[in-house]
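Structure provided below as structure tokens; questions to follow.
Labels run A, B, C, D, E and F following the written order; every chain starts at residue 1.
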Amino acid sequence: MKLQLSTWQEVEAYLKRSKGVVVPLGSTEQHGPNGLIGTDALCATAVADGLAERAGALVAPAITIGAAQFNLGFAGTISARASTLIALVEDYVRSLARHGFERIYFLNGHGGNLAPAKAAFQDLYGEYSLAGGATRLRLRIRSWWELPSVDRMRRELFGDWEGMHATPSEVAITQALYPTLLATAPAEPPRQLSAQFLRDHAGDNHYDAATHRREFPDGRVGSHSALASAAHGERLLEAAIADAVADYQAFLDEK
Amino acid sequence: MKLQLSTWQEVEAYLKRSKGVVVPLGSTEQHGPNGLIGTDALCATAVADGLAERAGALVAPAITIGAAQFNLGFAGTISARASTLIALVEDYVRSLARHGFERIYFLNGHGGNLAPAKAAFQDLYGEYSLAGGATRLRLRIRSWWELPSVDRMRRELFGDWEGMHATPSEVAITQALYPTLLATAPAEPPRQLSAQFLRDHAGDNHYDAATHRREFPDGRVGSHSALASAAHGERLLEAAIADAVADYQAFLDEK
Amino acid sequence: MKLQLSTWQEVEAYLKRSKGVVVPLGSTEQHGPNGLIGTDALCATAVADGLAERAGALVAPAITIGAAQFNLGFAGTISARASTLIALVEDYVRSLARHGFERIYFLNGHGGNLAPAKAAFQDLYGEYSLAGGATRLRLRIRSWWELPSVDRMRRELFGDWEGMHATPSEVAITQALYPTLLATAPAEPPRQLSAQFLRDHAGDNHYDAATHRREFPDGRVGSHSALASAAHGERLLEAAIADAVADYQAFLDEK
Amino acid sequence: MKLQLSTWQEVEAYLKRSKGVVVPLGSTEQHGPNGLIGTDALCATAVADGLAERAGALVAPAITIGAAQFNLGFAGTISARASTLIALVEDYVRSLARHGFERIYFLNGHGGNLAPAKAAFQDLYGEYSLAGGATRLRLRIRSWWELPSVDRMRRELFGDWEGMHATPSEVAITQALYPTLLATAPAEPPRQLSAQFLRDHAGDNHYDAATHRREFPDGRVGSHSALASAAHGERLLEAAIADAVADYQAFLDEK
Amino acid sequence: MKLQLSTWQEVEAYLKRSKGVVVPLGSTEQHGPNGLIGTDALCATAVADGLAERAGALVAPAITIGAAQFNLGFAGTISARASTLIALVEDYVRSLARHGFERIYFLNGHGGNLAPAKAAFQDLYGEYSLAGGATRLRLRIRSWWELPSVDRMRRELFGDWEGMHATPSEVAITQALYPTLLATAPAEPPRQLSAQFLRDHAGDNHYDAATHRREFPDGRVGSHSALASAAHGERLLEAAIADAVADYQAFLDEK
Amino acid sequence: MKLQLSTWQEVEAYLKRSKGVVVPLGSTEQHGPNGLIGTDALCATAVADGLAERAGALVAPAITIGAAQFNLGFAGTISARASTLIALVEDYVRSLARHGFERIYFLNGHGGNLAPAKAAFQDLYGEYSLAGGATRLRLRIRSWWELPSVDRMRRELFGDWEGMHATPSEVAITQALYPTLLATAPAEPPRQLSAQFLRDHAGDNHYDAATHRREFPDGRVGSHSALASAAHGERLLEAAIADAVADYQAFLDEK
């Protein structure tokens, strides 16, 4: 059930049977030679829509602009300041809580959103914590790639060539979603990332945009995007949706 | 050309032939008994996509959450604070300007966005104004219903029953876009608005949410939504797109 | 009754008979060759004072600094960021509401203030809307030139030469207020504005300051300020006050 | 020379002979049984106008709303948050610096403004300090009552009964300015303040409004306002202006 | 070399041989029955001081207040809003960068700081990214417990009883630092955490304070603090310092 | 009793006998040729710790970063924006008030902190003042050098050579605290400050950093730091602690 395609009376009825809602969280940034600028938003939306359909859940419109300053050196990237994203997450949560939603599940598609989203959660909870009373509000953020079956599958399919950005996994999902798009990635892989790099830059904790482009000139960050295929994408999407349904249900069931 | 479905190289190529970009600006709020919560975003996106297709323009992902506090009394409405929307518009503009875009055209679908968007423009320009030098950056916001052909058509079709919110025009466009959705509005019209009310509350300058719901219990604000039809919607959409193309072109041509 | 010239006991007594208050909203910015930098504040204050006197209303001290970034290329202009003006309007409203005022009427003298003021209204109401309960607080902003008799008169007196900034109407009112000031405007009119320009830049939605000065080198924006006279100013002021009294009364009477 | 009553060309000419400007800084808050709510703004403006006239200086429009939260328990008080006042001072300074003003002299009439104004100065200078280069910009804030002749005179005239708020000195100046206003203060003095209280609450460092009103039920804070007279006010105003001229001149002469 | 105990000339000399600096990042919050409220700051400072001593690095004063809203239900906890911590990290970085520091290494002692610190990094880099040029500035945040030897050791020593908060590891380090403090933890372990809980609440992504206290009534979150000992603390501290030296050196050596 | 070295149960017990708490407020900035960069934090902490010990009071961790933009021209200075310091003071106060603390005593060691701290107090109280009810919360800030015995002693010891920054008093206290540090100041005194300078720049109301360094090339602002000695420091510290105990007690006793 899509919030955008519902009437308010339908949402009112939904709230009588569920206090949960799903919010896709994406980004609008370069994804290398064969990756779409909307990749993160498209993947998060596809997983969230699938989850919502199977779990009978309501899905809100995606936040399509994420915190992606490091990609501003590539044409087309639109980056929200962390402070803007924090404010936007706060507005989503306060509005939804106003109607009685108590479990808000952010299905995330971009590593750089994790820090701002969690910071927003802290300040949202913090208001209750200073006021003193307990709230029934629960906030969760889950990146689709960390769901256990997906995480396993992407390692099986691509190994170290999964990399960090413009990953074959996310590119594959967009290929499954938009099979007619034809941009291609170079057959040769990009420079491989060290374990140290992976640890230091988890959560897209990258440097400034000019430095980033100098280090990763075609936008791939250790990801061999040419390994992606629509067939892989379909399997990954299916795994992500199945896991997300279970994860969302556990979130609802939490006491 | 959709930014989300492009690669960064394609955007780089686009910038060689145009410095213009279109940004749909919507809202996520109740639209009465037969209006979708996503109406404003859906209409703005449909007009922007049509404009982009005909004008060969690039269209960015929509801002789907607008300033809609007065509708928070109806389930499903998600409202951005004006300050959040200002920040988000600033981030769009600064990111796009970073790549060399010089004409940013916000195609608006929600009256309550006008004040925050214009306030954002003031503070964006203000930075240049304090620094002293001229900028080539030009920002425009245009609501689809104020485009001349649309404005004429909606008055011809619905007269005073167009009203202010959940208008038959916007509902009609969503019916054209989603013909299978079946929610219906009451056959009887809502309370009619006075000229004074229309003047005082232009730009969705409404009161608080509880007061608003008390005054407009089913969400229609002087709008007889039952007059909407998919056929009307198709005509309105076509008129909006045609006018928007001309308006956008004039914006690009401005010296 | 002027707030600045009253004691707190007098205000306490006033609140027993009225919950209304008038706040003039001006700007401090160039107004062309024969316009005073304080024109917007002076006009708004004169209309507000006249309204207050006739309606027995309380008038607060004017906000004299408005959002006027586009005029920073002309010496003497002081511009508030939109965000500052929003904060200031919020402080006026919260303070006045604290004492029991329920109808706050902003008498506006500068187009560029409309967006920030309305954005402030949204965020003020928004706090109530999230909390859930209704408030009796009502906020209105009215520009003196849009009052019906004034609007008619200025078109009759000056036609298209009214223009957008440093208008003969506002200059005339300041001449009525300060008859001994002698600055003069050129006899030749400025470049005339197109209908498109008027529509695109309503609400002083202008570009950056350097660009603005290049386009309008002496500060007049389509306004033939030399047509102003103190006699015109007296008639305009009288019309504005009369209309404002009626408009304010209707605001108080609103249920 | 008043900025509000000047044209931009006159300001441009002024800047050729002086880089200095005076900004009165007041407040809008209760001043006891016979004190006007505008007292602080009226006094600051009167001193600043006198200074400007004698020194040939330009005077900007007053900031009439100050940081006065402790007086919100008395009807009519309008208080700016410290953060708002900081933003407003920043906008004054940045706008004036844009035109080439280098010495900005805030003539203050309210103790509660000192902390926000100085905090604003810190953040204004701080931007230059982080960027690295020196600026010629100099900011000063001076309260009229700390000027040496005034300080001496008010102690001679009223001794300890000068107190802290609604002082006979400031009331006297408003009586000199508005001799026909007739509100009277009780003949009996208020509770006297201890030296400890004076030290602890300097700069209007008071507690919350409800506590403040409980402690000072008619608004006088140790000030025996009934001792004020228009004749005293004239002498105090003259002393303040003479001292302010010298102080301003020294500020301009600073290398 | 401690910044607080150095003169500016000594720092100037230091900058000639190194562009690196260490900043301990702690928190002030309850740590269960035998944990000190300052545990996170004390541990981070001890590791940072040890690192600085061995690596010849400069260490700045610790940020002792972290984002710890979930512990506000326990007396003594002082929590910074995420937005405050972001601002403070920005001020550290901008000040240090002003002097020429290029590698700023935050040695972290509190999971709840990770999101705000990374959000601050994004907005700090983002300014460079919008401006366009590359910066030599590199920011790193490392929690002492994720350093490889420490991570191994704490699992060996305490297994699952390490838990999430008031861990035996951190308590042990404070016991090594302050051997005379005598508070004791219950001999019985707390409720054990599920793998799901650990995943969902990583980075101290906890709920509001009242809920948190209800779930974890004595402040231990799955951590069997009674297992701590000063001897364990000494070993853990030594391991942390040794690893931190290597990690910091690698950071300096990064091109 | 140190908050950092206490458990939450100990703080809970403390609150049963006292509602007071002490917060040292320092700065991290150059203090001339023989002054430590941490001087302000070290002095404030030493006085606060002494006060706490004698008065049986709880002392929170120091705020070690103050508003010190004017010293950013000297290596090692870390300056908080005034807005950051305001936010941090707010977080301390709100957190402590959450636990039931009612008297929060900031023991200050840096003049530049006075304006931000007082601005924070205004906005903290202002929330209560707008809401309407009285709060029992009382906030005080006291600089150790203004305590009467210290003020007398430092004038006796150093006369005019006390100066404004890197004063022999504060340097002496750090020499008492760290007797083995050996940096020395020039035997020749710095340029002496005029009375006018002292008045104009009270509260460290200095200009930008580059200008400041040009005026005071070795960091001493009228202070003859070479007059400092550990013996003086011990006497000053003792005097400060004794006075602070009395002052804090009076604060607690205030009704």
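Here, a residue touches a chain if its C-beta (ideal position, glycine included) is under 8 Å from a C-beta of that chain, and two chains touch if they have at least 3 such contacts.
All values reported here derive from a predicted model rather than from experimental measurement.
A.B. asks: Spelling it out: a chain qualifies if it touches subunit A and also touches subunit C; which chains qualify?
C.D. replies: In this structure, the chains that contact subunit C and also subunit A are B, F.
A.B. asks: Which chain maximises the distance between its CA centroid and that of subunit B?
C.D. replies: F
A.B. asks: How would you label the subunit A and subunit E contact, same or different, if same means the shared numbers make up over half of all numbers there?
C.D. replies: Same; most numbers are used by both subunit A and subunit E.
A.B. asks: Copy of C-D's interface among A-F, A-C or A-B, judged by over half the contact pairs being the same?
C.D. replies: It is A-B that repeats the C-D interface.
A.B. asks: Just send me the rotation angle from a CA overlay of subunit C on subunit D, rounded to the nearest 5 degrees.
C.D. replies: For the C-alpha superposition of subunit C onto subunit D, the angle is 180 degrees.
A.B. asks: With centres defined as the mean C-alpha position, give me the subunit B-subunit D separation in Å.
C.D. replies: Chain centroid spacing, subunit B to subunit D, equals 46 Å.
A.B. asks: Could you put a whole-Å number on the gap between the CA centroids of subunit C and subunit E?
C.D. replies: So the centre of subunit C lies 53 Å away from the centre of subunit E.
A.B. asks: For subunit E and subunit F, what's the span in angstrom between their mean Cα positions?
C.D. replies: 26
A.B. asks: Mind pulling the subunit B residues that touch 2 or more other chains?
C.D. replies: 72, 79, 81, 83, 95, 98, 129-130, 132
A.B. asks: Judged by the touch rule stated earlier, which pairs of chains are there in contact?
C.D. replies: All touching pairs, sorted by chain label, are A-B, A-C, A-E, A-F, B-C, B-D, B-E, C-D, C-F, D-E, D-F, E-F.
A.B. asks: Within their complex, state which residues of subunit B touch subunit A.
C.D. replies: Counting only subunit B, the residues touching subunit A are 2-12, 15, 28, 30-38, 41-42, 60-62, 64-65, 72, 74-81, 83-84, 87-88, 90-92, 95-96, 98-100, 178, 181, 183, 219.
A.B. asks: Where on subunit F is subunit C touching in the complex?
C.D. replies: Residues in contact with subunit C: 129-130, 132.
A.B. asks: Which residues of subunit D touch subunit B in the complex?
C.D. replies: Touch residues, subunit D against subunit B: 94-95, 98.
A.B. asks: Okay, in this complex, where on subunit D does subunit F touch?
C.D. replies: Residues in contact with subunit F: 67, 69-70, 72-73, 79, 81-83, 86, 112, 114-123, 125-126, 128-130, 132-135, 137-138, 140, 196, 200, 203, 205-211, 214, 250.
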